[in-house]
Amino acid sequence: MKLTRRVKEILSNYESDNPGTKANLARILMEGRLGGTGKMIILPVDQGFEHGPARSFAANPAGYDPKYHPQLVVDAGLNAYAAPLGMMEAAADVTAGQIPTILKMNSANSLSRTKEGADQAVTANVRDAIRLGCSAIGFTIYPSSDAMYEQYEEIRDLSEEAKEYGLATVIWSYPRGGSLSKEGELAVDIIAYAAHMAALLGAHIIKVKLPTDHLENGEAKKVYQQKEIPISTLADRVRHVMEASFNGRRIVVFSGGAAKGVDSVVEDARAIRDGGGNGSIIGRNSFQRPREDALQLLDTLVKVYQGKA
Amino acid sequence: MKLTRRVKEILSNYESDNPGTKANLARILMEGRLGGTGKMIILPVDQGFEHGPARSFAANPAGYDPKYHPQLVVDAGLNAYAAPLGMMEAAADVTAGQIPTILKMNSANSLSRTKEGADQAVTANVRDAIRLGCSAIGFTIYPSSDAMYEQYEEIRDLSEEAKEYGLATVIWSYPRGGSLSKEGELAVDIIAYAAHMAALLGAHIIKVKLPTDHLENGEAKKVYQQKEIPISTLADRVRHVMEASFNGRRIVVFSGGAAKGVDSVVEDARAIRDGGGNGSIIGRNSFQRPREDALQLLDTLVKVYQGKA
Amino acid sequence: MKLTRRVKEILSNYESDNPGTKANLARILMEGRLGGTGKMIILPVDQGFEHGPARSFAANPAGYDPKYHPQLVVDAGLNAYAAPLGMMEAAADVTAGQIPTILKMNSANSLSRTKEGADQAVTANVRDAIRLGCSAIGFTIYPSSDAMYEQYEEIRDLSEEAKEYGLATVIWSYPRGGSLSKEGELAVDIIAYAAHMAALLGAHIIKVKLPTDHLENGEAKKVYQQKEIPISTLADRVRHVMEASFNGRRIVVFSGGAAKGVDSVVEDARAIRDGGGNGSIIGRNSFQRPREDALQLLDTLVKVYQGKA
Amino acid sequence: MKLTRRVKEILSNYESDNPGTKANLARILMEGRLGGTGKMIILPVDQGFEHGPARSFAANPAGYDPKYHPQLVVDAGLNAYAAPLGMMEAAADVTAGQIPTILKMNSANSLSRTKEGADQAVTANVRDAIRLGCSAIGFTIYPSSDAMYEQYEEIRDLSEEAKEYGLATVIWSYPRGGSLSKEGELAVDIIAYAAHMAALLGAHIIKVKLPTDHLENGEAKKVYQQKEIPISTLADRVRHVMEASFNGRRIVVFSGGAAKGVDSVVEDARAIRDGGGNGSIIGRNSFQRPREDALQLLDTLVKVYQGKA
Amino acid sequence: MKLTRRVKEILSNYESDNPGTKANLARILMEGRLGGTGKMIILPVDQGFEHGPARSFAANPAGYDPKYHPQLVVDAGLNAYAAPLGMMEAAADVTAGQIPTILKMNSANSLSRTKEGADQAVTANVRDAIRLGCSAIGFTIYPSSDAMYEQYEEIRDLSEEAKEYGLATVIWSYPRGGSLSKEGELAVDIIAYAAHMAALLGAHIIKVKLPTDHLENGEAKKVYQQKEIPISTLADRVRHVMEASFNGRRIVVFSGGAAKGVDSVVEDARAIRDGGGNGSIIGRNSFQRPREDALQLLDTLVKVYQGKA
């Protein structure tokens, strides 16, 4: 597999990593129809933990089968598949050698009465990722929650171990909890801060939600206004998040959240592309649609990132 | 021992497991009168921890002897025996080489004043299971309890270690505690969620209680009604739980709870069979009956799963 | 040393143990004047932690010297000596090769203001027992206390390590704390439950207090009355505790508590013997008496267990 | 590289350290324009964690790039660069072989609602420092905070491991929290105590803030007044802090805090020099200025420590 | 170095220890002007942690230098020097080969707002003691405090590791906190209990404060009165503490507390000697005096223990 110039350029930003980790990043960047472009689409399926099986899969019952999802990644030509331990184990013969995988290491669930964002359970070990042939580990942090520092210390150890084994680290950085307002969870200053902290924690790939133009923190608001940091369009805000992610030296993908209309998803992707983001991580919007609809949507998204739509 | 086609089919769902773990699953699936059918009956004896010796064994004092129970498994032609550390140690010469065993790793007890479902003590290590020649470890989780995340992290480590040693993992998934209502503990949406989370945690065999047609969670209720998921008969609900367990790719056995009439137990088994469940885990309903009565009941259950009753 | 038939019979109940552990159990069972009979008397000296030096030893100041106690074991022909780390270290030349020893691993003390039964400090490691040439570790659990589950997890690890090294495990099982009434601490249903849980936790030798005929737990009371379990005499209750201890497959010794009259101590021993118990663990009643009185009392107890008194 | 007499003299104070640690201290002391003088200026960039990206770097957007900062260290001829994990990883090719680096091991952030000083997250391991070729680890303690003892135990283990690997330990000692008044955070008795505790914890290099002449602790106040310890000028107070740091046997650098005027920064440096301090650690005052301004300010500071300004 | 008969006699009490630990005890017992007599004076300098630098050293500013103290031990001909990590590191060339050292492993400090006696930070590891060539580790416990059990478990592990490496264990046993009255901290029943527990925890050398004739515990009081244990003179009380310390089989040294008059210190030493105690541990009373005064006082104390004053 010959790496493209663009992928080599991206890899050159990971100058401290060992060849194993670089190879795994390259695998993700070279996979599928966006392979070699520096753009990527990742399919994450961790809704089963979050909302239970019926709320996740009844809309498209084929999704109850753990083999459905990685096959969708193969067929749609996406870059990687992310899932928790059991899902990954149950589809090992689909993923092995076919597509890069990201073992999702922690999860919350809706049966918990701990306040939203309070914590997650770490449900896999790095050695699980190794035996399952994964390319990366995935971990969610909740910046601003009361569990934040504990989560940072968990990913510190998991990530150090992963890097030693030549795996990459993907951090889902979702501000919530603590003294943050509901609106603040998507505020551009907070999302940029969340992306920056994921970078500081040593993430190779950062996943954040698309930010609004709300500014949450008083001190930060002054700076944004005084320095006239452009945040009025979604593309502006994506650009700012990339800046906050080591000036674009880290891969950042954006999520769309709950299932919604095709136009809206496509529009988001165009803004990500125009703002210099690296791509989309798109779960419910793909697996909760019938397979043909999902393939069509994903085809459109691929074209957006190819600059053809 | 030549595996049947059905057992090979079931084993093929465990594609990520090492040969040791597959062999131990095969041992359980090939043991006894249901050996080779893909169906199974397991005898668990952990009531001593839960309710104390007299409440567990006075009804049938032969049960005070730890050798009584595995001998019952042998004589009734069941698939496996599950018990805590001390019980397993004290009957090692009965089980060794004769029947597959599952070391029950955690237990609650009725002397505790922590609220029901709050927690359990982990009373054995994986190395104990190894030295006792067990085929699997067994672990109880209480989805929705405040101890849920901690329990998920305990089974994560135990299960990873067990799989490394070639043992299988059996998860007892009993929703309780937290904000769950008493009725909700058996609600079909909650039981399906509990089975799904056990699968996500990497269980090879899942044990849940038989669900009622109650729907506990408001968001889930909408989905069940909108998608018209059939839950009116017990067989329907068993079928839904199997679907939630990776579309049947994981072995699921159902428990009956407190000792009750023979007809009721047999009726339950027929529903499990008709819904595509893998079998029964039946404790108090066997060891609290006189030995001859127990053997007769177990004989009937075997026949149900053989399709002869 | 040729084992007696009775000792071989007892050892045969420990079928999962390695030769090292069996040898250490044999050493305890073959030591002293009761050696070979299957009966035993153990001298425990952990009062210093519990009540301080003056309350423990001023009654018989010779006891301030850590060498006094193991010498008493030698001279009275008892089976084993149990003590905390420092006591054991300071008398290593008396015990080494002369008598089997049990390193007491945890202790409470009366300066603590945590509620009685709330917890104990673990004051020794298994490696200490190894370097001190001990035959067993000893550990106290408080069934029903709020620290119960944590204590079960502590003894799980200590006992697993001890068994790996060929040591035996002795569990002091003292119900207290939590929602238990003061009277309930000695209730026969609770003592039987406590003995049963010690057996489930993997104890080779169980130590409980002599039970009264009180029944504490409502559900249990129904069973005792309905099944007409005999509990009216002390020998009946000892017999029931033995039944709860894997139907007599585990060694159980009984303690007498605070120093009291000779007749009372001897009467207790007769009931233990008649109920099928394995013997006495007798601390303050021996070391708080002048040496000659203690030797005389111990001689009488030995004769009781020999069936000569 | 031939060490100067002054550097050899300083190194001789670290008589318990292994050659690896001494070599790393020597690297820091010999680097840049102050190399060999015993004085040093360190550039720390951990504001991203503390205040987020925009508040840290919008004033001088070049700073969003992690390579900007170590290049500034090279170009200004400073002694060392300190940063958290991700920043250090992303600039590994700038630092490797060019400048000594200090991996900042823990950080607080302004999204946390735990009270100021309550705690920090440890976001890197010593093995990270090793693989990144760092010369030292950096760790913040909050003397007087409720997290103080836990922090002391964290740095105990990190520092022991670092020393074993031949790395040096830098402790940021910032009194705050607990019963300390806001004014007390800079009180000279408290800053001297904080420096002394960092020395007792085994720090090679201590970083404290410049103290005021406030005296916080009643008992200490009596001693300062009775013994007439000079604290009226800033140079006096620096001298006292050096005394409290093992009579000058430990390297102590002082920080200036928030960005402020050039004159003020230079005046501080003169006091540090005149009081016998080892130098400045200067973050926001350098990287929040445009590069040319920063280089000019740093040039002046270098000259102050060279005795030329 | 030929051991005296008295030292051999003392060493014979440590019959479970390995030759390494015995050698280190011998080093302490044979060092200085009291070498060989079985008596000892130890200089501890951990006041910097407890009260800060000015309150500790302004009275005699030479003490700011970590090399001052071990040199005082050399010059006064004392037996050993005890200090925390940083102090010990900074004077390694003074101590190495010249005097036995005790690494103080834990410390409280007066900036903490946790209640007195609530806890201490463990600020060194046993491996630090090894690399610094120490003869022993030193550890403070607070019997009766709420942190007591946790402290017992800390010293359990540290001491086991130290003994494995051939180091000795010194326990500072200071009753405080919990339900203890202020007067009770020095009550003779409590001090004897504290010394006894230190012995039970495996200490080779025990340090307690000199007790008053107050009796704190009601149950204990009855015993002291009934058994007429002599406690009216200080020498009586020292004798009782020695009895509580395994009948004199453990080395016990006594501390004097805050700096006070020469006569008072000397009088204390005579009582320690007359009561059979092993010596003094004397900190502030030596290093807070001018060097010449301290040497004179220490000379007098040496003579007291030599029976010449």
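As written, the chain order gives the labels A, B, C, D and E, with residue 1 at the start of each chain.
In this text, a contact is a pair of C-beta atoms (placed from the backbone, for glycine too) under 8 Å apart; a residue touches a chain by one contact, two chains touch by 3 or more.
Just so it is clear, the model here is predicted, and its values are computed rather than measured.
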item: Interface composition of copies chain B and chain C: same or different, split at half; value: different
item: Between chain B and its twin chain D, rotation from the CA superposition, multiple of 5 degrees; value: 145
item: Averaged-CA centre spacing for the pair chain B and chain A, given as whole angstrom; value: 36
item: Chain centre separation (chain C, chain D; CA means) in Å; value: 58
item: In chain D, residues with contacts to at least two other chains; value: none
item: Pairwise touch network: line, ring, star, complete, or other; value: ring
item: Ordered ring members, chain A first, chain B second; value: A, B, C, E, D
item: Contact footprint of chain A on chain D as seen in their complex; value: 48-49, 51-55, 58-59, 61, 64-66, 84-93, 107, 109-114, 119-125, 127-128, 131-132
item: For the chain E and chain C complex, residues of the former touching the latter; value: 13-17, 143-144, 146, 148-150, 152-153, 156-157, 160, 163-164, 175, 178-180, 189-190, 192-193, 196-197, 199-203, 217, 219-220, 223-224, 227, 229, 243-244, 246-247, 249-250
